[in-house]
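In what comes next, subunit A is part of two complexes: it sits with subunit B in the first one and with subunit C in the second one.
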Partner chain A sequence: MTSKHERDEVLSSGSGYEKYGSIYLIWLVIFFVIPVIVILAYSFLTRDYQGGIILKFSLQGYKDIFNLNYLTVFIRTVIISFISAAICILIAVPVSYYIVYSKLKNFLLLLVIIPFWTNSLIRIYAWIFILGNNGLINQLLLNSGIVNSYVKFIYNNAAVLLILVYTYLPFAILPLFSSIERLEKQLFEAAMDLGCTKRQVFFKVLLPNIKQGIVSAFVFVFIPALGTYAVPELVGGKNSRLIGNEIARQLTIARNWPAAAAISSILLILTIIAVIVFIYGGEKRETR
Partner chain B sequence: MPGSSVSIIEVDKYFGDFHVLKNVSLEIEENEFFSLLGPSGCGKTTLLRIIAGLEDVDDGDVLLDDKSILNLPPNKRPVNTIFQNYALFPHLSVYENIAFPLRLKKFSESEIKRRVDWLLNLVRLEEHAQKKPSQLSGGQKQRVSLARALANEPKVLLLDEPVSALDAKLRQELLIELDNLHDRVGITFIYVTHDQAEAISISDHVAVMNSGVVVQYGTPYEIYESPADTFVANFIGESNLMKGDVVEILSDEYIVVEFPSFGRVICYRDKPVKVDDTVLITLRPEKIRIMHNKPTPSDGVPGNVVHGIVDEVIYMGYQTKYFIKTDEGYILKVYKQHVSYLLDERIIKWKDEVFLYWNPDDSFIVEVEEN
Partner chain C sequence: MKPGNLTRIITILAILFFYLPIIVVVVFSFNSSKSPEWTGFSLKWYYQLFTSSGYIWRTFLNSMIVGVSSSIVSVVLGTLGAISMYLGSKKFRQVMWTTTYIPFTIPDIIIGVSLLIFFTTLNVRLSLFTIFIAHVTFSMPYTMMIVLTRLHDFDKSIIEAAYDLGATKSVALRKVIVPVAMPGIIAAFFMAFTLSIDDFVITFFVAGPSSTTLPLQIFSMVRFGISPVINAISTLLLLGTIFMSVALRRYVRYII
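== the complex of A and B ==
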């Protein structure tokens, strides 16, 4: 039966996808799962004072971080990440709405994506060039006589926030754009027709229907912000060190690898909890 | 709840350079079922959206009970709209969708429940109250949007192709339901459609639109039986449109027209014409009788008899569509209704020789070209 044979061939060709999938799986295991396990394992080993570890079980890494009193750094990291995620969403909702209904939709989306084409370090240095003590804005202010000495725009928490928002805004715009684009415009017209003011259309129709997009946008900004390193390193002040900086310090300067691994592990667990809370919370509201 | 009359007064509307509505005027009586009929792009939906307040006019006025509503925003107009693709709020249940306009008006919970229950009963969706729109069929979704639009007790209900997304059978059911609903709530319905069968089957009055202009206004009978021009004759129902020259004036009522590919027939003189004028004649396929034997003219009624051969037969059960090739080679559409049990008759088959007969009143002038 040739037809059955052909059909079997067609059906089995679906397994081609599985082959491609397995390549990605191997990639993930080698470059993601195994390193994470190594980090977890290092956090329970003994510190070698030259850097590196000795293969002997120990909880000293965790004890070290409690002794070093990292609680404030953890709290600062969570607060700064939370605020930057919140600001990103406040900006991204109206911006995404505007892009969806703009005639220049594709061009504006391109503008959102263009920053990805440039290295993030270079973009941070560009901000330093603009906001720095000898930067563009200070030069202008000094030359025009508005101020007598330079204004300290960077090396503080506000600068960290500003640049985090700048860096992660596209991650908030893209999921919100797609969830707003999915909505029919007639929903808003129907709402007005049924008696909504423009404000009520926003709160009673638009927001409830893009909840999932808001949750995604929040996760996409909050999670990478938790682990951010370069931004506070380059534009942060003494009091804006985040967890990422502490991990790097333990690894490179203090040479306490178990402690660095322990902080990483705690950050990882925090992140996983945050993701579960956001996604599960979002779904629960969705199905109510 | 009593409905309102709607007056459209010399409305003009442009989209950029495109003149969508050209000086459109219409009177819609209170509590009537009114249809705006036309092909896509004729401006009918734009006119509906203007009444709803979702579009502005460039010129002209829209009156509701003789008062202009143009300066009212859509949420302040006593008018509600049924959208073609339902526009139900996906995050709300059926119950909450219908309660939506009532909650905006801050009714008490018990009053909301009383009204929503009444509306759910009206559209027969009681057992689906707690479902989400995504769990409903197309017909059910449209009934929810009907109930939701009626919750505000509007004076005028605007329906934008409300059944066009449904399949044929469901479309019929919902049309009958709409008609019953109109009788029960007794408000003005303005119904937009491109489907002539829908429009003429349920409306009190129909306005036929083409390219931003109202080409004919009237009752469904007037529109069908006496189309104002070629466009309406073609758009509403089916017709045989034939071009010929007037060769003789028989009386005030009848003329003889000669068709190059058809021969001479007697036509109704519904427009002033003289000999040698070129006229466009329309003849509905169902007005032609088809038979094997040549009919004998009786009691002095003038009739047209044409001889031909059956070129195509489309049997549809309740009727048969014949395409008859006349001796001169012209193809005439003839629809025969089966009012009796067909197997007892001598059925007209492909290649049969047949005679066609019709009353001169049924072939009439739609357009005149003076020569």
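== the complex of A and C ==
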């Protein structure tokens, strides 16, 4: 049989199927790996005031960041991302626990998936429509004579936090849902039989068993929040600019590309640290 | 064990939190007044959207062009990637996994900025084409993972069986592997399409002046403040999203 040889070849390593994936790999190398390396390189080059760079080594990009007092922006971004990830986890754990054991499981899951897929700008807009200076609540307050001029509900850090939680909550619920769903139901029954209260089951049985899910959920919120641009741009105030806004500002308005590249490089390093701390710090993620 | 009342209350509140703002937006898309106070039912904002908002539809057309073309390319390359990852050597799988996992993890803005700098350095004019490249790049890891998950649901022995029955490599690919992967391939296509239609941040950086997409258009409209026309667009997009979510609900878990 001619295919006997091929069969063994396929089942052993080095089957020749690698070539199918080569275009995929080459594409990602050209349009992802190389551009990221280019950014890292740009952060060490000299600024061309026309926009763009001059091929000469310089640390001015990084110096500019410190001169512009971006340290506050970095700290603010990390704190806001951390708090929004923590709030998302606090809400997502009970919600996903409830959904897994609910009779309406599939329907409730769909209710979480719809916002997951809904365009984020629309979801941000919904809050501007309600809380904005000319928004629904201000209109109600003005019409009823409770206030004389609009109340500024948004354009501050609290609004950024609220809308980050609103945007990323589904990202936290879905991984927690899968990790709770994987648990054996008998685990809880056994704990109850052995005399645990519901509270004890939640804290001593459920939480330790879904540690990995909690970590993934945290990372799924924390990392996108670190790089968020639209949320602080649309609902943030003067004192809620985050890393994403500063990258855009340096690229488009200030036209200081080495500085933009330097901020991006620091964001990249923050991300890598977060991944190492949260994912590899816990158990090693299964790679199939 | 049945979850207690507290978890139920939190769940109900979370669902309300998700939907109340969206429902308010939908309701006020049918308001006859421009300001957010209810003055009566009207379809005039939809009428305005459909009859005198050509510039919005042009951006919608751009989004569709990029969405369809980038998801086709992304699915073809992602499927080939998934097959090679499913059947390739261990070392190759590790390279594939790392190259897939990193773009999957890092914030979108880095992909956008790095591609902008990359294209500008190479003197590539920003256009729908650069958006297309960017969208294939960020959606490919998703399509690859979805198809791979689908393949992993099957026992490799079906491929062994195909070879035992005399199939050559290309026959096995056409008659066994691709049919098995098909539901995953279809799901991956819709996922890539949805990601492309929704993307704002990456597109924001790689779009040129004449290649505005619908999310970029919505962004600049939202920046100017509230308008019932945005409510009408939101309502229509929401309908599309609900349809997609129902169709894709089984596959969302593949990417989590």
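The rule is simple: the second predicted complex is superposed on the first by the 248 of 288 C-alpha atoms of A that agree within 3 Å, B and C clash if a C-alpha of one lies under 4 Å from a C-alpha of the other, contacts with A are read in each partner's own complex, and residues count from 1 in each chain.
Everything below uses one rule, namely that a contact is a pair of C-beta atoms (placed from the backbone, for glycine too) under 8 Å apart; a residue touches a chain by one contact, two chains touch by 3 or more.
Everything numeric here is computed off the predicted structure, so don't read it as measured data.
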item	value
First (subunit B), second (subunit C), both or neither touched by A:M192	both
Touching partner for A:Y98 - first (subunit B), second (subunit C), both, neither	second
Partner chain(s) touched by A:N119 [first = subunit B, second = subunit C, both, neither]	second
Contacts of A:Y49 with subunit B and subunit C, given as first, second, both or neither	neither
Partner chain in contact with A:A261 - subunit B first, subunit C second, else both or neither	second
First, second, both or neither for A:Y17, with subunit B first and subunit C second	second
First, second, both or neither for A:P208, with subunit B first and subunit C second	first
Partner chain(s) touched by A:F57 [first = subunit B, second = subunit C, both, neither]	neither
Subunit A residues touched by each partner, larger count belonging to subunit B or subunit C	C
Which superposed partner A:N143 touches (first subunit B, second subunit C, both, neither)	second
Common ground on subunit A, meaning residues reached by subunit C in one complex and by subunit B in the other	189, 191-192
For the subunit A and subunit B complex, residues of the former touching the latter	184, 186-187, 189-197, 200, 204-205, 208-209, 211, 286
Contact set on subunit C toward subunit A in their complex	1-4, 6-8, 10-11, 14-15, 17-19, 21-22, 24-25, 28, 35-37, 77-78, 80-81, 83-92, 94-97, 99-100, 102-103, 105-111, 113-118, 120-121, 133-134, 136-137, 140-141, 144, 148, 152, 156, 159-160, 163-164, 166-169, 194, 197-198, 200-201, 204-205, 215, 218-219, 222-223, 225-226, 230-231, 233-234, 237-238, 241-242, 244-246, 248-249, 252-253, 256
Complex interface listing, subunit A residues touching subunit C	1-4, 6-7, 10-11, 13-25, 27-29, 31-36, 38-39, 42, 52, 91, 94-95, 97-99, 101-102, 106, 108-130, 132, 134-136, 139-140, 143, 166, 169-170, 173-175, 178, 185, 188-189, 191-192, 198, 201, 216, 219-220, 223-224, 226-230, 234, 244, 247-248, 251, 257, 260-261, 264, 267-268, 271, 275, 287-288
Of all residues in subunit B, those that touch subunit A in their complex	52-54, 73-75, 79-81, 83, 85, 87, 89-91, 100-101, 104-105, 145, 148-149, 151-152
